[in-house]
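Labels A, B and C are assigned to the chains in the order they are written; within every chain, residues are numbered from 1.
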Amino acid sequence: MTASISIKGLHHTFGAFQALKNIDLSIDAGEYTVLLGPSGCGKTTLLSILGGFLVPTQGLVMIGEKDMTQVQPAKRPTTTMFQDYALFPHMSLKDNVAFGLRMRGMRKQARHAKADQFLELVGLFHDGNKRPHELSGGQRQRVALARALAVNPDVLLLDEPLGALDLKLRRSMQDELKAIQREVGTTFVHVTHDQEEAMAIADRIVVMNAGQIEDQGAPDRVYRRPCSLFAANFMGEINQIPAWREQNRLATLLGHPPIAPPDSDAEQWVACVRPEQLSSEPREWSLGTATVVNNAFFGAHYRCHLRSDKAPNLTFVAHFPPSHEPKVGESLALYVDPQHISLFADTHVKEAVA
Amino acid sequence: MAPAVLWTLAFFVAPFTIMAAMSLASLEGRELVWAISFDNYHKLFTQPFLTKAIWVSLQITLTVTVISVLLAYPLAWIIAFRVPKRWQRLVLLLSILPFWTSYVVRSYSWLLVMSREGVINNSMLSLGLISEPLQMASSRLATVTGFVHFFVMLLTLTIFANLVQLSPNYRRAAVDLGASSWQAFRHVILPLTMPGIMVGAFLTFVLCIGDYITPQILGGNNELTVPQVIMMQLGRRGDFPLASAMSLVLMGLVTLAYIATARWLRLDRI
Amino acid sequence: MRMIQWFYLAVAFTFIYLPVASLVLFSLKDGNLPLPPFEGPTLRWYQDVLSDSQLMAALGHSLLVAVSSSLVACTLGFLAAYGLARHVLPGSVFMRGLLIAPMTVSYLIVGLGLLIVFNQLGIGVSLWAAGIGHVVINLPLCFAIIYASMGAQQQNAEHAARDLGANEGRVITLVTIPMLAPAILAAFFLAMTLSWDEFVIAFLLTRFEVTLPVEIWSLLRSGLSSKTNAIGSLVFLGSVTVVLLLEIFLFGRRRA
């Protein structure tokens, strides 16, 4: 019903292209894990390796304490929900959901009863005799989910499952996926490039880039204290303030942030602050004043672009409470609490910004 | 659009209508007499050589269709899934290249292969596999071989096109859910390629049953197909009414084939 | 299992190429009968073919009929597709059916129908008649291919052009035709191939000036002959060259 996953020293190459480099990852049984990253980062390759559709060039894949590295997809306790759903168009929904049970030799009556049960789980109990082409995108997605779950896998792999849905449907399906995962208790591994989706759904987020894991952990931790500049950027909007070492202190164009200089040889640094952590109320570190360039109302906050008065090359994005509307041209003092500053060596800033 | 419709009306619908009317006329001596009589159709079922021609045509066409599908499917499969991607187009192109032999010459070239002193008999004799040359040309075997050769290429093309446009995830999903390779093929891939098979099979049926050249060159004179009989009526006797009636029968057979395969010819659903 | 598959591929290719290979091989044989054992090689049968004025005339007729009937079929097909795709007309489903109908009928029947009409009207058969017959069989194909490629994207581009001030004529020449060029070319070449190789309509509808397949047919009446092999090989090699050139330059580039 559920199993842990452990990946050790995984490498994978396609010809000369190194798709995955030295991946180590452990996922607890029953956890909802999201592999998050831009396209081409290797997240889908990793999912295919978990599903058994690819044998990794090097490394070990353990599912439920058993070595599965070389095992065929059919013999694994995993099932995959494909990006295009791959519902069999010539079969009714019921036959689709019952397919895996049929392959296991279950009799027609028994497997149809089980299929009904899973169609009910996804809210399509009354549509069992329809064909996939009669369904909307969201409904197809549910059938694919029911079909993958009907064989009681230990691990369910979801390849961009919500990619084809429109935004509103996506948000409601996220909640539903999470609820279903709680109900069945199966380990879910879900691939996406949508950071909001990852935050909404995951127990654990694994941020990937260029075939490597950049950061992994609980969503709030990865968002608030990311381990790398890439992860910081990918998890949401962020203000980057260039910094450098000056004797024993850290210096920026806006003065000295009250944080200990890092214990490293790097010369150039970036201090990162999320837009909602910039405040016009006094906090420990003052960034001086900045002029509001433009401003838009987002319901829960005003989102403003500001230009620093002290260093006009620096612009900020800040979220201000909806109670007070910042006026364009107004000059505001900006502050931040040092615990909300993340500091990274400036090695691939350009890459990350681009 | 009007010109195309007018063209079709003038050069297809009108001749066809006249032909249908002609099939009800009759021939007295060399004189054509317009009338409404079903004599010609009656003849089809009472004159043994006409009835036999219909049977022969049907038998040959069905045999050819079935054999061609059975031979072409594995070939299309191998090209689609076993041949490396970068060679795929080349192998496919090569496998249908003899398509562009002149139609008349294609049947003729089977004569070179199958005649009494032809390539097959010659090689088998010199290898000592047989002591007497086999009688292969001028037989139904030769006709069927000639047809199968042509239609294997056609079907390979339609089935290949169907196979490669299937998402590879169908197979993956089946295997992922515990299907063996055979089960994945039997329950998923084969039903999903039925449209490709049926489009090809229908084309095979239409082209095969209406073909005059292949049986004329390869079939010998033991048995005649419907097109051969039609051409005989035109050439030797100038019996246009009977030829017209037989043509309509040919059309009737094609319509039956269409009804039988119509379920799969609707490609929109897949 | 892998081995069986490669073996099958090899057997299939042998079957597919056996007659063509025999055809080409024995066209080079120095002897009258194109049957084993092989002697030669010689090119004299090719010389024979190239100096046969009747064959060369038939070749010319075939090219003429193929090119002109394909041009007409493509033009009519394009106009019909454009009209049906752009304007909602009463009975357009019926007209589509009517235009496609000849595709479902054997060539023999198309030829016979036209032969009856020409006979009844007292007009003799000729290359013209054969050309008309070829347009009848190719029009549905050209129409279907071009119609299928007229999608919404195409229509939006036309709207955009009109919106930017192009008149109807310029929309067709500057937007519609260039966008549909691949489909139109594909339709044209397919029609040409079919016309070039068509036998039964040409056989019924020509008398004194005949097309190449009909001329070859009359050569066949004299039985197996190395000269027939030579003309067959020439047609095959010529067609294959054209197909390969098209594949490389026309369709290959689009994919790349």
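Simple rule for what comes next: a residue touches a chain if its C-beta (ideal position, glycine included) is under 8 Å from a C-beta of that chain, and two chains touch if they have at least 3 such contacts.
This structure is a prediction, so every number in the text was calculated from the model and none was measured.
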- [ ] Give me the fewest steps it takes to get from chain A to chain C if each step has to go to a chain it touches.
- [x] 2
Open item on the list: Quick check: which two chains are joined by the most contacting C-beta pairs?
Closed with: B-C
Open item on the list: Rounded to a whole Å, what is the gap between the Cα centroids of chain A and chain B?
Closed with: 56
Task: Distance from chain C to chain B - Cα centre to Cα centre, in angstrom - done: 18
Open item on the list: Applying the document's contact rule, which stretches of chain B touch chain A when the two form their complex?
Closed with: 167, 169-170, 172-180, 183, 187-188, 191-192, 269-270
TODO: Note which residues of chain B are touching chain C in the complex, please.
DONE: 1-5, 7-9, 11-16, 18-19, 22, 71, 74-75, 78-79, 82-83, 93-95, 97-98, 100-106, 108-113, 115, 117-119, 122-123, 149, 152-153, 206-207, 209-210, 212-213, 217, 227, 230-231, 234, 240, 243-244, 247, 250-251, 254, 258
Task: Of chain A, residues touching chain B in the complex - done: 51-53, 72-74, 78-80, 82-84, 86, 88-90, 99-100, 102-104, 133, 147-148, 151
Open item on the list: Under the definition above, what is the set of chain C residues touching chain B in their complex?
Closed with: 2, 5-6, 8-9, 12-13, 15-20, 22-23, 26, 33-37, 76-77, 79-80, 82-84, 89, 95, 98-99, 101-102, 104-110, 112-117, 119-120, 132-133, 135-136, 139, 143, 193, 197-200, 204, 212-213, 216-217, 220, 224, 228-229, 231-232, 235-236, 239-240, 243-244, 247
